[in-house]
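Structures incoming, each one as structure tokens.
Next come two complexes built around chain A: one with chain B, the other with chain C.
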Partner chain A sequence: MKRYVVRRVLLAVPTLFLVSVMVFALMRFMPGDVATRMVEGHAYAPTLAALRHDLGLDRPVHIQYLDWIGGIVLRGDFGQSYWTRQPILDEFGRRFPVTLELALLTILVSVALGVVIGIVSAARQDSASDYVGRVLAILALSVPYFGLAVLVVVLPSIYFKWTPVWTYVAFTVDPLENLKIMLVPALVFGVTRAGPVMRIMRSALLDVLRQDYIRTAWSKGLAERPIILRHALKNAMIPVISLIGLQMPLYIGGSVIIESIFRLPGVGLFFFEALTRLDYPVVQSVNLIIAAMVVALNLLIDLSYAFLDPRIRY
Partner chain B sequence: MRSWTRAFAIKSEGASTAPSDFSPRMAAAKPALETRTRPWWVEVWVRLLTGQPLGAIGGAIVLVMLAAAVLADWIAPYGFAQTSLRERFIAVSSAHWLGTDELGRDLLTRLIYGARISLYVGFGAIAIGSVLATAIGVVSGYLGGRFDLLVQRAVDAWMAFPPLLLLLSIMSLLGPSVWNITVVLGIAFGIQNSRVVRGVALLVKEHSFVESARALGAGHLRTTFTHILPNVVPTIIVVATTGLSTVILTEASLSFLGLGVPPPYPTWGGMLSLAGLDHMYRAPWLAIWPAVALSLAVFGFNMLGDALRDLLDPRLKGG
Partner chain C sequence: MARRARSSSCLLLAGVLLGSLVAAGPALAQSGAQPKRGGVIRIAEREAPGLDPHLSISFLTHSYVSLSYSQLVRFPNGPEQKSPTDFSILPDLAEKWAVSKDGKVYTFSLRKGVKFHNKPPVNGREVTADDVKYSLERFMAKSGFRDRFEPVTGIDVVDRYTVKITLKEPYAPFLNHLASPSFCAILPREAEEKFRDFNNPDAVIGTGPFVLKSYEKGVRMVFERNPTYFVKGFPYLDGVTIDITPDAAARLAVLRAGKAELPHVWGWISPEEARSLKQTSPEMSITPYKVIGQGFIYMRTDQPPFNDVRVRRAVSLAIDRKSWNDALLFGEGCVDAGPVPCALTDWKLDAAKIEPAKAKYAVGYDPAEAKRLLAEAGYAKGFTMPIYHWPGYVVPWRNYYELAAEDLGKIGITVELKPEEYGKYISTTALGKYDKAAMGPSTPFTEVDDFLFGRFYPELPTNQSHVADGELTKMLVAQRRELDPKKRRQIVDDIQRYLADKAYYVYVPQWPQYVAHPPYVKGFRHHDGYGLGMRLLYTWLDK
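Right, the complex of A and B next:
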């Protein structure tokens, strides 16, 4: 187990190196010049050359890369925004809890919905409730979350004079108020993500229910509820968990849109604002941090299999 | 759906009573070969209509969308960029069946042309992506060794990014345009699915017919094209059909953020756009119809893709 973890962590190093090179190259070799825009549009510096020197853009590309990656590895310094000159890591740290909370609540909603409907669907295969559940899952899968989000923001405000709360309150300041704000975005996002969870849950449970140990459980006279909830569910959860792991990047990517619509000050909005201002260091470092998180999360999920299914050993 | 699962269940039961050297696949394939009289591509459609009602509904939706896209110039009542400032924010009326937007453009017209752009980007990206996925996957899987290791680490790195973040970064640098988004989505789709193709190529490579071909003196190029590629094609078709809805949705979300297809081209994502949110309070139909169109399209492609996968999946072949 220990050796496996060490090997996986070592394998992640070249991956993250390639990630950093890719994101850096993207930012440097593509058209769009931030310095021109900063000088002409906003008079950040007297001349273009002065600003380029100031931002370090006049140095050779490989030096710029080494400077950026060296700062991260050696000092934990992810650079600063071109426009505000604020350290990126500080801003990321301030905003990350919002995005994490949104992601966790979204997963909670989608898993709660998906698992319950999936269990009912599998336990009553080919019954009316199975068909209703499956059609619901397909519908949920088809509605784009940003479309649903726009409808949820617009329609109730016209017809019921109800609007989502626009001013964000941190969880640490007022937990109840905070949850009230986060509930609507999480519900919207979670409902549209429940479809895949339900489908995987259903097929995994159907698969497990046909296995010998379940037949044994039936024949020793156990009731349906303990068979499904205690014996079958745990094994059927493995694909569900790997699905959530696979979808984690989707939750973070989706947070760009959800946070923009519901005006939540999270990482997604931070990223999107930086993008529209061509703030390279921010886009670059946020991409890298999140990619590193995804890699770490995948490792954690692989390890969690060993906990769920003791037969799996590394 | 039901008859499918039942047929499958009966088959596996029959297999358990058969002698051990008689594999369930052979048991399944034999009667199917005897009864099959239609060519396989007709068979697929017949089975789709009889055995997969949801898939047939999906197919019908896709056909309507295709018709709208192809016939847009004839069936759309107005021009897609034709503005009329005196007719702004008109709700449903006889002149404008679905109403008009903030510039007095007819919503129905824009929805119809939106189908064209969605399909154009969707099919274009899938075509580029399928070729790319095949090239990377087959070469990487067939050659193996150090080359494979290197390519796969690069694919790992690409997959570590949340797709939307990476696509947004690239699109913001390239600038929104129909061509850019098609190519970018195609490349993303190709890299992502090269894994699947590589997996199949690795399996095919181990078959003895590949070894025989090599022993008979076939070069790597010939082996790849005549022996590996034909066996990878069904997987590519499945990946492509199920990927269409994802590509269309991704295009819509990028256009929604203003980094996909630029105005004045109408796209469903762009019509829902973040920038136009303020107008929707005045004219909710501006939000409703594009959302409905997008959902229907994704629903159609999902259902059709699922059904086709059931029919084409090599593991279910002959069932």
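Right, the complex of A and C next:
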């Protein structure tokens, strides 16, 4: 186990190195030039050359890369925004809890809905409830979450003079108010993500239910509930957990639109605005932090398999 | 003594005192609506890219910080304004000013006893002439709008309350630029020394009607009434909050749901949104305003084929402006949109007053004649041209690009629409760095000079069509040097007559903006320009 974890952490290093090189290079391939925009539209410096020097953009590209990555590795310094000159880590730290909370609530909603409907569908295969569950899953899959979000915000404002949009309050300030604000976006995002969870849950459970040890359980005269919940579900959860791990970047990416519609001050908008302003250090550092998180989360998920299925050994 | 000697040679042009402001109260009372004090107005709007008025040209930055800053002079607002484009000059921090006979020296006398907001490190100290010199010199060094002060050669402190600005030549747009909200905000030097620039919310320390109390990034800006604002009794509101709402549908939804008073920093919604809002929320106050705005196809007139006036005229004659107006703008738009925008009524010479044979090349629609002109210019089989653009501009821009391609296709010009990423568009194409042709809107300037000199003077980045026309250039310079408004108007009229058949830019219809808010918001009137503070000075809530 220990060796496995160490090996995985070591493997993460080349992964993150590749991510850092790619995002660094891609930013520089983006059309437009950040220095031109900052000087011609915003007068951050008297001349283009002066600003390039100020931002360090006049140095060779590999030096710029080493300076950025060196700051992170050696000093834990993720740099500062070209435009606001504020430390990136501060802003990220302020905003990340919002996105994380949204992601966790979304996962909670999608898993709760997807797993329950998936279990019912699998346990009652080809019954009316199975068909209803499958139709709901396809519906959830085919409705884009951003479209649903706009409808949820706009329709009640027209018909009931009410809309589920509030001004954000942090959980630490007022937990109840915070949950009220986060609930609707999490539901919207969660419902649309519950579709794939339900479908994976259903097929995995059907697969498990056909295995020998389940047949043995039936033959021992066990009731349906303990067979499904105690014996089958744990094994059937492995692909569901994998799916959640794979969907993690989607929660961060999708948060741009959800955060924008429900006016939540999360990482999504911070990242998106930095991208449109060609704020290289912000895009690079935020990307790297999120990549590191995804890598870490996938490691945790892999380790959780051992808990779900004791036959798995590392 | 030296100042007295100089001022005796000065011609006092303006001295409108506080009276005009104080008179606003009784004027409102006579109209039957007695303003009530109190209440907070909530505005749903996007986040500004920064707060430093010199480090951003964003209308959001300028509007937000205009709540907290004052200038030397300002435009009329609320009950003072005759129209949304009334750009007469009123005193702000300057109590009065004088202009020398040769038009090159402006002497401003500051109000005494005006205090900055009581925030560290400034702590409510008095505004002096040093602050004016510091702020205007910073504007000249840093602002993206700094070329407006190009004729300024010196800013001198005469005494604690007097500032003298010297120009190299007479410059008619000068006071208008000084009055443009927040470009020339008077800032305290200590704040920059402590916070490096004015982007930090703690550095937003001015003398304006509202004090920035808190700013939670991505969430909300909270402004409170400035208790020491130099116009006694104003503002009526206790405060202003900006709830950061990036999404347009959400902004309209919070207005409908009673969670915001303004769905946009100036209350703007499009004609299409106005129609929908009238249906769903008939109680809303929805007022159309003809606002300064302009859009056009711009071309490399220094290169073939657009260096041939016949080709440019053909492009202009191909555009069916009336159909665009009917189809997309409910017929409410203005088809005679350039070179001076429709709303700039003090300067606009309508196409109807120009010789029809020339005006048709500015506003006419005649595809047969367009084809004939193309053939005459040697393009009987037409040609292919790109139209570079940013597809993200608000409705109806996306349709505009497509309609332009369609209309030009009818005369044999094949258009390749070339969408660009915003950053690339705004830092290259919009500054004249493109191949053949492009299309997009203009910044809604408040001074006619920006639409003429800025758009047509050789080599300027805002001269997007690369115009270099000797005869025109002379007139462009003459109008900005003429200080007599009537004589200047004549030159501006001559320029418009001259430009009518040149088709350097092909203007497309301009639409009105609707200002929407609940009926209990009173006294909020639209005024063109990047300001908000003065509009909210006279705004009150009747609830």
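Just so it is clear, the second predicted complex is superposed on the first by the 312 of 314 C-alpha atoms of A that agree within 3 Å, B and C clash if a C-alpha of one lies under 4 Å from a C-alpha of the other, contacts with A are read in each partner's own complex, and residues count from 1 in each chain.
In the analysis below, a contact is a pair of C-beta atoms (placed from the backbone, for glycine too) under 8 Å apart; a residue touches a chain by one contact, two chains touch by 3 or more.
Just so it is clear, the model here is predicted, and its values are computed rather than measured.
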Judging by the criteria at the top, classify the pair chain B and chain C on chain A as clash or fit. clash
Touching partner for A:187 - first (chain B), second (chain C), both, neither: neither
After the superposition on A, what does A:91 contact: first (chain B), second (chain C), both or neither? second
Once chain A of both complexes is superposed, is A:153 in touch with chain B (first), chain C (second), both, or neither? both
Name the contact category of A:262: first (chain B only), second (chain C only), both, or neither. second
Have a look at where A:83 lands relative to chain B and chain C in the superposition and call it first, second, both or neither. second
Name the contact category of A:69: first (chain B only), second (chain C only), both, or neither. neither
Which of the two partners, first being chain B and second being chain C, lies in contact with A:278: first, second, both, or neither? both
Between chain B (first) and chain C (second), which, if any, makes contact with A:165: first, second, both or neither? second
Taking the superposition as given, does A:233 touch the first partner, chain B, the second, chain C, both, or neither? neither
When the complexes are fitted on the C-alpha atoms of A, one of 8-16, 80-88 or 116-124 in chain B overlaps chain C. Which is it? 80-88
Between chain B and chain C, which residues of chain A are contacted by each of them? 30-32, 150, 153-154, 157-158, 260-261, 276, 278
Note which residues of chain C are touching chain A in the complex, please. 47, 49-50, 54-57, 141-144, 146, 196-197, 199, 216-220, 243-247, 249-250, 252-254, 256-259, 280-281, 420-424, 426-428, 431, 461
Using the touch rule from the top, collect the residues of chain B that touch chain A in their complex. 2, 54, 153-154, 156-158, 160-166, 168-170, 172-175, 245, 249, 252-253, 256-257, 259, 269, 272, 274, 277, 280-281, 284, 287-288, 290-291, 294-296, 298-299, 302-303
Taking the complex as given, what residues does chain A use to touch chain B? 14-16, 18-19, 22-23, 26-27, 30-32, 126, 138-139, 141-144, 146-148, 150-151, 153-155, 157-158, 249-250, 252-254, 256-257, 260-261, 271-272, 275-276, 278, 283, 286-287, 290-292, 294-295
Could you please specify the touching residues of chain A with respect to chain C in the complex? 30-34, 36-37, 40-44, 46, 83-85, 91, 94-95, 150, 153-154, 156-158, 161-163, 165-168, 259-266, 269-270, 273, 276-278
